[in-house]
Amino acid sequence: MKPQTLQQLADHVSGTVIGDPNIVIESVSTLQTAGDGQITFLSNVKYLNDVKDTGASAVIIAQESEVEINQIVVQDPYYALQQIVVLIHGYRANKPVGIRDKSNISETATLGDGCHVHDFVTISDNVKVGKNCYFYPGVFIGQDTTIGDDCIFYPNAVVFNDCVIGDRVIVQSNTSIGEDGYGFSTHNGVHHKIPQIGRVILEDDVEIGASAGIERGTLDDTVIGKGTKIGDMVAIGHGTTIGPHCLLVAQVGVSGSTDIGHHCVFGGQVGIAGHLKIGDLTRVGAKSGISGNMEGGKSYLGTPAIDASKAKRSMVILQYLPEMKKRIKALERKLEKLSAGKS
Amino acid sequence: MKPQTLQQLADHVSGTVIGDPNIVIESVSTLQTAGDGQITFLSNVKYLNDVKDTGASAVIIAQESEVEINQIVVQDPYYALQQIVVLIHGYRANKPVGIRDKSNISETATLGDGCHVHDFVTISDNVKVGKNCYFYPGVFIGQDTTIGDDCIFYPNAVVFNDCVIGDRVIVQSNTSIGEDGYGFSTHNGVHHKIPQIGRVILEDDVEIGASAGIERGTLDDTVIGKGTKIGDMVAIGHGTTIGPHCLLVAQVGVSGSTDIGHHCVFGGQVGIAGHLKIGDLTRVGAKSGISGNMEGGKSYLGTPAIDASKAKRSMVILQYLPEMKKRIKALERKLEKLSAGKS
Amino acid sequence: MKPQTLQQLADHVSGTVIGDPNIVIESVSTLQTAGDGQITFLSNVKYLNDVKDTGASAVIIAQESEVEINQIVVQDPYYALQQIVVLIHGYRANKPVGIRDKSNISETATLGDGCHVHDFVTISDNVKVGKNCYFYPGVFIGQDTTIGDDCIFYPNAVVFNDCVIGDRVIVQSNTSIGEDGYGFSTHNGVHHKIPQIGRVILEDDVEIGASAGIERGTLDDTVIGKGTKIGDMVAIGHGTTIGPHCLLVAQVGVSGSTDIGHHCVFGGQVGIAGHLKIGDLTRVGAKSGISGNMEGGKSYLGTPAIDASKAKRSMVILQYLPEMKKRIKALERKLEKLSAGKS
């Protein structure tokens, strides 16, 4: 940890100090748990009241608060938080281990300068690795796969053969990249496995969560675009392409051969059918099911997913269904009576 | 297996023998498959008829049955079953292997007496392990993590750095504890990774299923309370706290920063949004979606989840929606006609 | 890759050549990306227009097309595609490695001829393996497990003790077979672990996807029938039996003690409760929730799942719920007025 004065932090994030610029901030914490020497943040005005009660020495905030507390006022407090956590705490320090002798690296594999390979790692024939990559124990890299610079493969991550991994890619633990797609041809009631000859391409700055699986394509490649972040236990089907800067939260499932645009956001447990086109900047609420093409730039919700605000209104009504059914029945009876009385 | 007489079993579970106390029970099986020398159980009166047809030599049951079969009558048959399976069959016997020479244990790690470490296990710097822990092949324990007594880590389980694991914790195969939380700050369309400086704390008697993932906290810790049991492929988000003695069945997903009370039960594939408060003794039906705070002590169902019995009534009506829409239309027409005729 | 003439391919799949039988096909690709020397396929008439635009040298098709392109006309184009991909590209070639010296094979285990065991593989006591099996790095096979011929275990696949694996079984990476079932007896608010003494049986030609989990049975066995294909991140509960030739797509969850017939198809993220009977040839749409026994031979959809066409009609109506509620209210008012005016 590298303590900083409040002024140093404000300078680092191009913010303005309210209060004492000389106090020393030693670490970062949340509104609820922060104490002396800690800085916290308010990214959602919903929690404004918590600022009063915080024990923090300072708060990162979008607008100067009347609460008597040291503040860094900055346009995007959550981004400032990120910058400050990186500055004070930094990312996980991966212990330099060099090339351990209980690893198994093919003689035909090449590794750039500054790579670290733990025990129990397998790097197969003709693999090409760039500079400063880090391989935790139990990692497997299949033959002919290419990896860029500054990548991290966490314990037991598996990358199959012929994949292409960009720079600064992070693959979390127990995750599979390029396993066979779920591709079978059913003939006379028997499912015949189709060789999956496509690859997986992870572009620069992609991160894949734990126990996720990115299937290789049957014929075409599966592509995850630059800067896209994929959560734990996400399943991506064979031949699907996801554009740059998307967010796929935990347990999302995307079937095969679907094309997803850039800057899309899918909440947890969303399911997306195969062979669809999802436009740029699409946002889909958690647990929704997408079964058709989606126009970009909009928010969707529900199964099947429709316009999110419309879906929310419908969801609220769901609980009144039994009552509605009764009211229809009552109306029918009354109307029947009325008609009868009339004639 | 350690065979027992029916009387010995009854004594072990504080039950009463009906029939022959001297028959020898050699193993335990289900009503449908049990045969000679086997004991079975009836925990749900729904299956009472199956008792007549069972080939078992004895049955564990809550109330004496008129069926002519040897019985152990006991208040909680399913708990008695558990005790009897432990007595006769016991838990998986983990082969004593000592410290294998193809493991990699840091010189600064400490292991208590009676630990077993298989080949291909990594135990990193400054890890502290209690007594009688068992590490299957492919397990990785990150630096500065603390582990209590009598824990079992199944093959390829991964525990990241700085985590705290209590006593008698079980982590099933291919599961990740303390991987980075899904925490990004989006600025100008780019997602910036926030260092995840919180820890994961698994309290005593926690069990985590296969291919699950418990994210470490961004700033605060992620905590799984004493005795809580988590199923396969469950995703727990960063900074979430789950109270003691909860059950989270397979494929449940909980987003970050949610607080869950004690003795809650979540059915399979339930999804829970972030930053929520879920009261003690909450029960949520399978596949439900929780998007708001939930009062404890109640049962919920549906997406969004509402009172379970209300939700069930609504779900039954769903199939009548097209009919209801038609009936409304018909009512409108009739009323129109009636009004027209009237005026 | 083994290039073939169009005639050779047609003969291989018992199809008819339209066009030049002597052109050489070097590889297989999709309609959209195929170029010179490549063959593609049309399995769905929906994409008939794409045939005009393809750059492929030939197309596999069910009925002769008027488009001027070389064709193989065959009854089941997708099955023909499978056969042709196998012929030209073949399945993944697993590098012959013999028995590597950094593996750990028990002296009491037996392996048939032609097995390959990578470094960092553990094969435990009394394991029996047939011929030509391939074990990638990080695989763990528990004691007393039996494995047939021609199986492939991808990196970090885990098979627990006492399981029975047939011939030609494929287990993808990071997957668990036979981990403990989620079986606890709750007594006085504490969950007591029940030893899981059942086994897992994978019959011939089963394939299990990445990061999946097949729980062993509590008392009975968990059985996956011959030729059944299971996707990534699928969770199968303890004591469940699945018949032959089923398809369970990614992220499906099946609770314990459910019996599923043969040739059933479950779309992605389907959830199935425990202790149910699902008939043969049942088809369930993606994301559905099954909470009761299902008659075979039918298609179901929704949560709870009902007849699929009925469910689709209801789903379409969901968005009109707020409107329907208003219309009921309006009807009530009008009728009230009408009645009042009348009396």
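By letter and in written order, the chains are A, B and C; residue numbering begins at 1 in each of them.
We take it that contacts are C-beta pairs under 8 Å (C-beta built on N, C-alpha and C of every residue); 3 or more make two chains touch, one makes a residue touch a chain.
Owing to the predicted nature of the structure, the values given are computational and were not obtained by experimental measurement.
Chemist: Pick same or different for copies chain A and chain C, depending on whether their interface residues overlap by over half.
Modeler: Different: fewer than half of the residue numbers at the chain A-chain C interface appear in both copies.
Chemist: Can you work out the rotation angle that lays chain B over chain C using Cα coordinates, in steps of 5 degrees?
Modeler: The C-alpha superposition of chain B onto chain C needs 120 degrees.
Chemist: Would you kindly tell me how far, in whole Å, the mean C-alpha position of chain C lies from that of chain A?
Modeler: So the centroids are 25 Å from each other.
Chemist: Show the residues in chain B shared as contacts by 2 or more other chains, in ascending order.
Modeler: Touching at least two other chains: 102, 120, 138, 156, 174, 211, 233, 251, 269, 318, 320-321, 324, 328, 331, 335, 338, 342.
Chemist: So in the complex, which bits of chain C are touching chain B?
Modeler: 102, 104, 120, 122, 124-125, 138, 140, 143, 156, 158, 160-161, 174-176, 179-180, 182, 184-187, 189-195, 197, 211-213, 215, 219-220, 233, 235, 237, 239, 251, 253, 255, 269, 271, 273, 289, 291, 302-304, 306, 310-311, 313-314, 316-318, 320-321, 324, 327-328, 331, 334-335, 338, 341-342
Chemist: What residues on chain A touch chain B, complex-wise?
Modeler: 27-30, 32-33, 76, 78-79, 81-83, 85-86, 89-92, 95, 100, 102, 118-120, 136-138, 154-156, 170, 172-174, 207, 209-211, 227, 229, 231-233, 245, 247, 249-251, 263, 268-269, 286-287, 315, 318-322, 324-325, 328, 331-332, 335, 338-339, 342
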